[in-house]
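Labels run A, B, C and D following the written order; every chain starts at residue 1.
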Amino acid sequence: MRFSTAENDAALAGAVADLLAKEAGPEEIRAGWPGGRSERVDAVWRKLAGVGVAGTLVPEADDGLGLDENALPPLLTELGRSGLPVPAAETVAVGAPLLAAAGAPQLAGVLAGDLLLTASADPGAPVPFGTRADLFVLRTGEQLRLYGRDEVDAEPVGSADGSRALARVTAPPGGGLLLAEGPDAVAAAWRHGVLGTAALLVGLGERMVELTVAYVAERHQFGVPVGSFQAVKHALADAELAVRFARPAVMAAGWAQAAGDPGAAVRTSMAKVLASDAARLAARTAIQCHGAIGYTTEYDLHLYAKRAWALAAAWGGPSDHRELIARELDLTRVGRA
Amino acid sequence: MRFSTAENDAALAGAVADLLAKEAGPEEIRAGWPGGRSERVDAVWRKLAGVGVAGTLVPEADDGLGLDENALPPLLTELGRSGLPVPAAETVAVGAPLLAAAGAPQLAGVLAGDLLLTASADPGAPVPFGTRADLFVLRTGEQLRLYGRDEVDAEPVGSADGSRALARVTAPPGGGLLLAEGPDAVAAAWRHGVLGTAALLVGLGERMVELTVAYVAERHQFGVPVGSFQAVKHALADAELAVRFARPAVMAAGWAQAAGDPGAAVRTSMAKVLASDAARLAARTAIQCHGAIGYTTEYDLHLYAKRAWALAAAWGGPSDHRELIARELDLTRVGRA
Amino acid sequence: MDLTWSPEDEAFRAEARAWLEANVPRRPLPSGDTREGFAAHLEWERTLFDARWAVVSWPEEYGGRDASIWQWLIFEEEYYRAGAPQRVTQNGIFLLAPTVFEFGTPEQQRRILPRMAAARDLWAQGWSEPGAGSDLAGIRSRAVRDEAAGGWRLTGQKTWTTRGAFCTHLFGLFRTDPEAQRHRGLTYFLVPLDAPGVTVRGFERLDGDEGFAEVFLDDVFVPDTDVLGGVDRGWSVAMATTGSERGLTLRSPGRFLTAAERLLDLARSLPDGPGAHRDRVVQSWIDAQAYQLFTLEQVTALAEGRPAGAESSLNKLFWSELDIRLHETALDLLGPAAETDGPWSKGFLFSLAGPIYAGTNEIQRNIVAERLLGLPRR
Amino acid sequence: MDLTWSPEDEAFRAEARAWLEANVPRRPLPSGDTREGFAAHLEWERTLFDARWAVVSWPEEYGGRDASIWQWLIFEEEYYRAGAPQRVTQNGIFLLAPTVFEFGTPEQQRRILPRMAAARDLWAQGWSEPGAGSDLAGIRSRAVRDEAAGGWRLTGQKTWTTRGAFCTHLFGLFRTDPEAQRHRGLTYFLVPLDAPGVTVRGFERLDGDEGFAEVFLDDVFVPDTDVLGGVDRGWSVAMATTGSERGLTLRSPGRFLTAAERLLDLARSLPDGPGAHRDRVVQSWIDAQAYQLFTLEQVTALAEGRPAGAESSLNKLFWSELDIRLHETALDLLGPAAETDGPWSKGFLFSLAGPIYAGTNEIQRNIVAERLLGLPRR
């Protein structure tokens, strides 16, 4: 028993955190919005690829880092906290390992950060980064297939988080490259996406609490720092509590997937519930504690809050995952009104 | 449009409030507990009967006050806030008008406060005041029947609120006196019970907020009154908010019943939801803001809190009533997991 | 208790409903917090005014109908029920006008109110400053006496000015006595935004609309006739206005009754119904009803001459939190579809401002605790 | 990350489980917070001690097994899983003992710990006073030096003393320097409750049990050998103990894991299932799991020498609120049947004490905000 990130995994997350601290400033995290200079985001993504991020779960033989799912929570927490608008869960957790397993020739471009790869396990739902991606991992029935930009029709869809670059994507059912097949493969990819998204949400929650702590310590009203009011303190303490308890649940989900634990599905759903609810609470608290400035787009907070709302509902919202857990716990046996 | 208690109804409630302030002190409200001198409660109940309380809804021709359901919210709110352990909703709202309508000879004894009358619309559930009542209004199928103490078997059942004098009561199905019959009559009696209980809960909520405000203004910790801490202020503000918004909903339910409004069922359920949730929040807040002293039986708070928990679940708990409203709002049409 | 409407009130409702059904634009206007949407909304405001629905509760001489407060409530219900456009004139009509009625000179009333009702003058509120949000007493913008010119010279910065970039006038507090502490020495001024020395810069709200502005004032001259309620008396004059901002006039029950009906429609429209969210849908509907009933009780008290006072803080707390819960429930019902732009998503973002503006909910809870419950101030 | 147990730990678990299965009383004992129940619990404590399960993490010389903190967690899980009786010795073992290990002289350790482990001395905590609840610095009970007799004379009143009416000894703070302000000038004393001058009066808790006592001290002599950790150093000595009261040792995850399983059983047993409460049932289960995972992370840190510090406030907040939500959910599942006495009703009443004792949750939130987040103290 040892509940602590292994050195390898911590080192990767640390390197990524350092890189993001230097490279992903306010300009980069805004550059993904419509009309923004998204090439600045691409440049950071390429640098992250240089550290090996895209290939985290790709075997070393395929030029990846060869790490397992234990690496995802610390890594994607850092990506989440940065606010950088990239398909982190979709590429790192879902897409790249599928391409590697299928021997897809596009893998090299993805690992280099030259080809932007997105993924969606929810047929018909808008695809994140659908207007910007070069490659799409899409599910049809029990198959996961890879399509190039030329093979799909991507119609932009608005989002509260403009940098999500949503598109409604239609692809020819039999086309593209078959990556994986069968309910187990589809479920495994889904769990990767859920886990990665949960980790992003933890990072977003942490960041929003930090931003708010810094703001309320500085901002004065009624002659004292706003952060010295007990109401503000307690609201932030509750947000911190939620985020801090989500974090180990996400780590445990990563371990369960890596270890092939039979409880992996439940642990993963649990992580998503806790991380989604924590990030939502952090967003709500952060906006309230900031007052009017939290309600403007000139200040950075909204970038994190909108991402949190989008990701909390993506890859199954909290009530979807509670429903999944209810089934596992044998709570849906009987009919009810 | 006039959303305000009529003078008649206010005068009755005012007289009852004055009487209770004088007669229902801590000793009386504790006297209903097992081993307590329940004759002290009976004495107060008899004085209340002298003001006409038991006959509020009984026609003047039958020696009642001849008021309508508009009188119940203000009256039962006062009875609730007093904490006196009497079958207020069961006698005033449910039982007495049924006895009057059926011409039951026991009515005079009930109106005089000599015969203690209880009621239950939930076959099989423990009957409040079942160990102390002289008369029982019980439902079997679509009938409401009146039984004397000798006709029933009443087995005491423990309750967190010992003064509720719960008993599991079995009565011969065809026995007793038929008071009313048919789904409409049963539903009307049920609505009376729900309304009366909702009003009691508002009174309990108000009382718990008042007790707590008085305590935290007095009690000092860290060199200042506990009530000067923002966390305490805000918790009490939220409890006050809930209670204050429950109150008009209960008044509106009384009006809807009196006016024969088609929305009476929904308004009544709504009143019970709001009053139950408000009283629970007030109880939780009161105990927390009191600190350790709220957690003892020597202090009075627990008497109100335990009553509130019992009544919040009685005559349909909040989720039962939300379910009823959901049906009316056509939200249960489709099947779901 | 009588929760039925009089024949006169029913007739008023029927007239309002019929007019709204005939006149409310079939398609929703673009957001009134954007530049082009604002123009469309102005046209609607003038349509309202021409039919005497712009300010129903005002005297007829200013364009109103002398309607009772009950009829005002009825009109609001019908207005929301009809899905009529947002009122871009509301900061003038609901925040400034009550103050002008109470504190304005007859000359000010005649000059200001009819043009406000007709949406010819468009008023923005100038309460907040970068250093003074909920704490209005921290205001630093100042007014210096210009005896020769018979007026004042205003310098400073106002912010979070709703639709400030599209308005023609600003009302707000300025410090006229630099020696006075906090609440004292403030004066309530009315400022045309085209006066020399005024610069207005619009900026974006959370929901992406340019709904806010910063207003910079550099030695802006304002004549004595544009002081409202007396020099150095601005605090008490302003408090009357923030009271009405918090209370009834800002958020009428009609708004939430309509939103709750829309939520029910959404829940019923889903293939699997409201599912695990059913209780929350029901509770939102209950709360909207409860807000209406609370308001009816309050309006009865007002109509019978009992003033509401600090109770308006209860209104503010209840509607602002109801509004968020209601929208959160809608977004959860929509699931991932909530992310794509739409009225619920936009409404959710807007609802988040509720607990912040017009005195944060933290301050409202303080008021409830201290003024209604009597807890010690510390 | 490795969430599997070593073979040694699995063997320890198996041994504990087997022993508990063989020895836990078949029928629940009467409440240990009543006089007759306490006697039954004492017998159980001695059974535990004889089999060396009373204090598994203590050194063998004091009756323990030198078990690791992991094994302590495992034992707790198994203990709750087996439905074993409440530990009426817990205030001594979990609150006083860590302080004796850290601050006691060797003589005190030898004298106190074995008798505590064997449930021969039963320790009650004497923190609160009528005027000093969460604010321990407000303590007024005093100790006056008796140089001749080589000790101190204690006078004052302690209250909310858990099971004080059934215990043999009290530990608590007394003011030894009457001139010192607040936290200073307090000393940690150990007091036999049969000493001349001590009066103990039991009283009832919310759940009806005589679980509390008031302890009156009138010129009670205590020798110098019963000062723990040095004169006037009581505050820092006591803080070490309240740290462990808040943290891991008070509420191990096993307790909530077992409660969540019971909640699932209850929900499954209902004819209509959990109905509208299903999400809450699931969330209670999730939260119990989350508490375990958080604890495992914390214990890893402790095992690797990183101290927890203010993080124990996060534990306290989480378990105490989880405990209430879990019981509220159970009561809602039971509906009107919740009213009739039963383990869920009793457990609910008990859960309400969680956010009050061992430092109220308001204080815990202050600690999280100020010490973990670094917000200004004011």
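Heads up, the rule we're going with is that a contact is a pair of C-beta atoms (placed from the backbone, for glycine too) under 8 Å apart; a residue touches a chain by one contact, two chains touch by 3 or more.
As the structure is a computational prediction, the values presented were derived from the model and not from experiment.
Enquirer: So, comparing C-alpha centroids, which chain is the farthest one from subunit A?
Expert: B
Enquirer: Write down the chain pair with more C-beta contact pairs when B-D is set against B-C.
Expert: So, comparing the two chain pairs, more contacts are at B-C.
Enquirer: Averaged over CA atoms, how far is the centre of subunit B from the centre of subunit C? Could you give it in whole Å?
Expert: The computed centroid separation for subunit B versus subunit C comes out at 40 Å.
Enquirer: So how far apart, in whole Å, are subunit A and subunit B when each is placed at the average of its C-alpha atoms?
Expert: Using C-alpha averages as centres, the distance is 51 Å.
Enquirer: Can you list the residues of subunit D that touch 2 or more other chains?
Expert: As it turns out, subunit D has residues touching two or more other chains at 275-276, 278-279, 362, 365.
Enquirer: Give me the residues of subunit A that touch two or more other chains.
Expert: 229-232, 234, 319, 322-323, 332, 337
Enquirer: Would you tell me which residues of subunit D are touching subunit B in their complex?
Expert: Per the touch definition, subunit D meets subunit B at residues 128, 131-135, 137-138, 159-160, 203-208, 212, 275-277, 324, 331-332, 335-341, 345, 349, 352-353, 355-357, 360-362, 365.
Enquirer: Which part of subunit C faces subunit B closely enough to touch in the complex?
Expert: 1-6, 9, 70, 264, 267-268, 270-275, 278-279, 281-283, 285-287, 289-291, 293-294, 296-297, 299-301, 304, 314, 317-318, 362, 364-366, 368-370, 372-378
Enquirer: Taking the complex as given, what residues does subunit B use to touch subunit A?
Expert: Checking each residue of subunit B against subunit A gives 229-231, 234, 323, 332, 337.
Enquirer: For a test of understanding, state which residues of subunit A touch subunit D in their complex under the given definition.
Expert: 1-6, 70, 209, 213, 216-217, 224-225, 227-230, 232-234, 236-238, 240-241, 244-246, 248-249, 251-252, 254-256, 258-259, 261, 270, 273-274, 319, 322, 325-326, 329-337
Enquirer: Taking the touch rule as given, give the residues of subunit C at its contact with subunit D in the complex, in rising order.
Expert: The touching residues are 276, 278-279.
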